[in-house]
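Read from first to last, the chains carry the letters A, B, C and D; within each, the first residue is number 1.
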Amino acid sequence: MTLDILMAALVSGIVNGGLYALLGIAIVLIFSTTGVANFAQGELATFGAFAMFMIVLPVGLSLVVAWMSTVVLLGILGAVVYFIVIRPRPEADHLNLAVRTLGLSGLLHSIDVLKWGPNEPYRFPSLFGSGSLSFGTVVLSHDQLGTLAVAVAMAVLFFAFFNHTRPGLAMRAVAMNREVAALQGVDVQRTNVMVWVVATAISATVGLLVAPISFLDTGLMQPYLLKAFTAAIIGGMYSFPGVVAGGLILGIAEALATAAASIHVREPLAFAVLLLVLLLRPAGLFASSRLQRRV
Amino acid sequence: MIDPHCSKNSLPRLRRRAGAGALVASMALAWAGAAVAEDGVSANEIHIGTSLAVTGPIAVCASVGDGASAYFKHVNDAGGVNGRKIKFTVLDDAYSTQRAIGNVRRLMSQDKVFAIFSGCGTATGAAVLSVVEKESIPYLFPQVGLDALVQPVKKNVYSILPLYGQQLAAAIDYVAKSQQPKTAAISMINIAGNEVWTAVIKDKLKALNIQLVDEQLIEVTSPEKAPFVTQMKGKNPDMVVMVDSAPGAARYVIEMQRQGWKPKVITGINTLTDESFLRAAGNAADNLVVAPAATLPPTDPKAKECVDALAAYDKALQPSGFTMFGCLGAKMFVDALRRVGPEPTRAALLAQLDKTSGFDSGFSGPISFGPSVHQGLTAMYPIAVQGGQFKVMGAPVPLQ
Amino acid sequence: MGDVPFGSQEAGHTSPRSRVLLTVLVLVLVAPLFATGYMRYVATLWMIYAIAAVGLQIPIGLAAIYSFGHSAFMLVGAYAMALAIMLGGWPVPIAMLAALVLAALVGALLALPSLRLSGFALAIVTMGASSLFFQSVKVFKLTGGPQGLFLPEFAFVKAMDGRAFYAICAGLMMLGLMVSHCVESGRIGRVLRASAANPLMAQSFGVHLMRVRTLAFVISAVYGSIAGSLLGLSTSYIAPEAYAPDLSIQVFAAVMIGGMARAWGPVLGALFIVLIPELTQSVQNLGAIVYALIFIAVSTVYPGGLQQMISGLRARLGKRVP
Amino acid sequence: MTALLEVSEITVRFGGVRALTGVNMQVAEGSVHGLIGPNGAGKTTLLNCIGRVIEPTEGRLVFARDDLRARPTHDLARLGVARTFQNLALMDDRTVLDNVLVGLRRAGGFTLHDFLPTRRRFALEAEDRATALAALAQVDLQQFAHQKIGKLPYGYRKSIEIARALCTRPRLLMLDEPTAGLNPTEMDQLGIAVRRMRETLGLTVLLITHHIEFLLEVADRVTVLDLGCVIADGAPDLVHTDARVRAAYLGADE
């Protein structure tokens, strides 16, 4: 294995890991505040990419504007999903809520398939152009660099929002303890809506980032969803630094294993990483003892 | 039940209440009935059907069904075959083998179709094969790259599509002559048959004195091609032999473009000559891909018959290699049925198919069957990608 | 007492109400004998999925162990049986038993992470394990690689236009339902429920956590293996894709849609996931959307699943009719 | 009287915090032994050590000449140690009877009778049920056997935990704050029940309580903890006589 193959693998691992992490952030956000393991997170992202390509772009907006408006639109969709699918029957347990999102995932997927063809690949416009930069023998495409930049920016934006704004504070309070938050005057309902808006907007971003690298097709996010969940679990399901670390570890490990051995060791390796982390730290990498509750 | 055909069975069902004796009686009745008139044939209709992945992971190739439906409508509008219209029922299996088997059982036992016509996808194709193999019902012309369909020959199973091994051997021969590659690499998808195809490619390369420098096996579920391309770039072969689905191959080609490297030529199987490959790969495949096609591309003037039929059937459908293939199968079927004459039976249909010699559809190579050969297409078009379009390089090249 | 759960009644000592239920069940089970071959095949699939779902209900419903690895057991059931038949020339029942033993071992193995993990972490780990099984059978020549295995034809599967095989599947389903009822109403159920509610409390009352969690996995593995074997026999072609991790999700959905509070909930759920796609396929492309919509509606309106819906309907009818 | 339970030099550290320091305690067979102390004194920690829920850092636990620290948690019920929980550990969605049945043990592992509706199974189940109802009768709650637990008042639920513990036929019964949240009448009834259990079942009882009157009424002996150390040990009335006990209580009195 030569150095440039290693470097290329590393870069693609970091980019993929960043995407796992970003989708994982959305998963952790929803899980820690509303207790829903959202299996529709991936299909929401795919739907977002289709929405931009098929509905928003043809309106005649510029790519950047279309990007922004898709993220906003998907945020609104997140609120709709919350009101229709998640809020009814609040006595339901989290297993039932997870099943509802399984149904939602199936629904979004079949809508995509009906409207835009099953696994029909579309070339998706990239925000970053098709060029590449060379650093010695290492070639980094604009796509990779741009994707990474947007993922990092999105994550930083989210952390700033989560840690330094009033709605973010409310989310943290609800995540810590819903009852106590309600007693302290946090509007839990409104916070939940906000959580779904933010998380869905984040996953739309992931969809828009993945689509140009891969192709836009109805199976766009399927490989990413399980990885994002794995990253979230490596991070402890409640921890944002944890999910980011989990995503990056997973992405880099996969890429290096692929480069060093073969792509066939990739899936087993992701599983082995998960198992290893969980056996050493059952509550996840970054879980404090307070958070060692049943997930 | 939702299915109108259920009503047919209401009479026997009443009898069965009388007990086991009546049950046996009614079953005997059903058998006796089968002997009188062939299943699926009525005075003004011939009913055939299939199970296709209309939804699910490989639903792309379900447009084979659209192409066939369109051609049947075209024939029906012109009066049908020997006075009978063709009714073609497509059931969705979402690429689940259990549902495919259920669908085929339904077609046979409830809808009582005359033949299982068309199909798509290796796993479901194998599943359907496992059912029909033991029956007398014809199973005709699926778009399935499964050698077991016709090797060994099964009396009621016919395939038009040349085996991928045959395609690869012919394609490599053709490309070797025109491009003179010195080195080659294999990019193979991990589906049933990959070992056989790899062996065929290796034999061919050896015979042509082309050095094999890289060999890759790619998981169906893995959309990411970057590491493969990086690896191949390091080996820098003149020619890449690519066996992959149309979107999978397109991804590979685009990744090559992204990494700024390409071989002299890429060849492979007929997935590279489907419109969905072209749509996805765009200019990345220009002057790079030369591959075999079962039919002419829909843009060719001679493909007009099928393209027009498709437009008349449903304007929203896009013509592609798959619709053309469906159309080809339908045309072959109609031709055999015409030859059978006014009293179609399954046995007569199979007998007529065996007599097919050099059938010329006008948009494919000649098709021939015989008692010991149930794989029909004997030649394929060499097709190259130029300027974002498929270009037919010449007359169909005979397969070995 | 308005609504006695299955769990607090003894099998055999039936109340009039559960006798009615039993009669309905027997009628429903006998009906497919008189249907078309196709409907009988669908009913056979229903029985097979019901066996799998009834088995999955034990770890999920009783022990709160989120096992998403059920497809691994079904895969072992199908493949091990097929190999025992094809390579060893074993008779089908013996081959099924051998597969079952192997699956039970696999179940014990998959139970290991459950001592340290719970909730969705365990779900993802078990799902990863089932994915490994799926990937492995595609690699090895012995298991037919990506093509899978073609079983020889068995007379009993096709005998009497599938009636015999349906009867076998229905019989095994009833047996499975009876055993699961005994498990959940007896001390295994008590122990599993206690370990789910509060592991420390359960241990203080003599529950060996590792042992009972392993037991829950092994029981579900036995059900999964039988279902997998039957599925293989019914299709006579064992495709790796048919035992992909998606299958775990499907069986899980059957358990949840049916509802876990009653033993027969998963049976209803299995009917749902088998029948609704068949019924909706007449609308072709829209079928998947209709299925998903019904799925969401049921799971949102009835968090306790279809059995909650039926219990609710019965309660309402009971009020109206004195 | 011999000591049924001997606690010697038990020390528990959580990280840098010492929860218990060199605790010694002897619980005599057939006695009712009180364990008291201000909040945070380490009473429940000690109970959890004996119940093998917390692993002590140092020290020995001997129960009926058996080294408890060599035993896993799930062996305790078999040895004859049963307990209730400070914060209730019940299954709220199940009936009272179902909850009490959790305490039942049968010798040997699971058999075929646990999987099939055999005659023997019905016999065993009926036997279990009778045992559980008898245990409920000890706390006078048999009439609620078929009610869901979630709907019952707190005091009843505490008693149901006692009934569940009784099902294990223990030699040592540990009650963690059985009096918390009880009204005076209920407390009287509990006192009667505890004494009756000692008389009729020959139980040894170790209980934590904050109610001095209750303690004086039922206990034979008392151990007082403060800040993880034993500060007094003796007859119950030492709570009035011992200066250190009074200081500890006055310092942190409610």
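Note that a residue touches a chain if its C-beta (ideal position, glycine included) is under 8 Å from a C-beta of that chain, and two chains touch if they have at least 3 such contacts.
Everything quoted here is computed from the prediction, not taken from an experiment.
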When the mean CA coordinate of each chain is compared with the mean CA coordinate of the whole protein, which chain is closest? C
Outermost chain relative to chain B, judged by CA means, is D
Rounded to the nearest whole Å, what is the centre-to-centre distance of chain A and chain D, using the mean of the C-alpha atoms as each centre? 49
Between chain A and chain C, tell me the centre distance in angstrom, where each centre is the average of that chain's C-alpha atoms. 32
Per the centroid of Cα atoms for each chain, what is the distance between chain B and chain D, given in Å? 74
For chain B and chain C, let me know how many angstrom lie between their CA-based centres, rounded off. 35
Multi-chain contacts in chain B, i.e. residues touching at least two other chains, fall at 55
Chain A: positions in contact with at least two other chains: 110, 113, 264
Please list all residues of chain C that touch 2 or more other chains. 285, 288
Could you draw the chains as nodes, link the ones that touch, and say if you get a line, ring, star, complete or other? other
Complete list of chain pairs which touch one another: A-B, A-C, B-C, C-D
Chain D partner contacts - residues on chain C that touch it in the complex: 1, 8, 10-13, 178-179, 182-183, 186-188, 190-191, 193-194, 197-198, 200-209, 215
The answer for chain A against chain B in the complex is residues 2, 5, 8-9, 12, 16, 110, 113, 117-123, 130, 132, 139, 141, 143, 214-215, 217, 219, 223, 255, 258-259, 263-264, 266
For the chain C and chain A complex, residues of the former touching the latter: 60, 66, 113, 116-121, 123-125, 127-129, 131-132, 135, 139, 249, 252-253, 256-257, 285-286, 288-289, 291-293, 295-296, 299-301, 303-304
The residues of chain A that touch chain C in their complex are 31, 37, 84-85, 88-89, 91-93, 95-96, 98-100, 102-104, 106-107, 109-111, 113-114, 226, 229-230, 233, 237, 264, 267-268, 270-271, 274-275, 278-279, 282, 284, 294-295
List of chain B residues in touch with chain C within their complex: 1-3, 6, 9, 13, 16, 23, 27, 54-55, 90-92, 94-99, 101-102, 105-106, 108-110, 122-123, 126-127, 129-131, 134, 146, 148, 190-195, 220
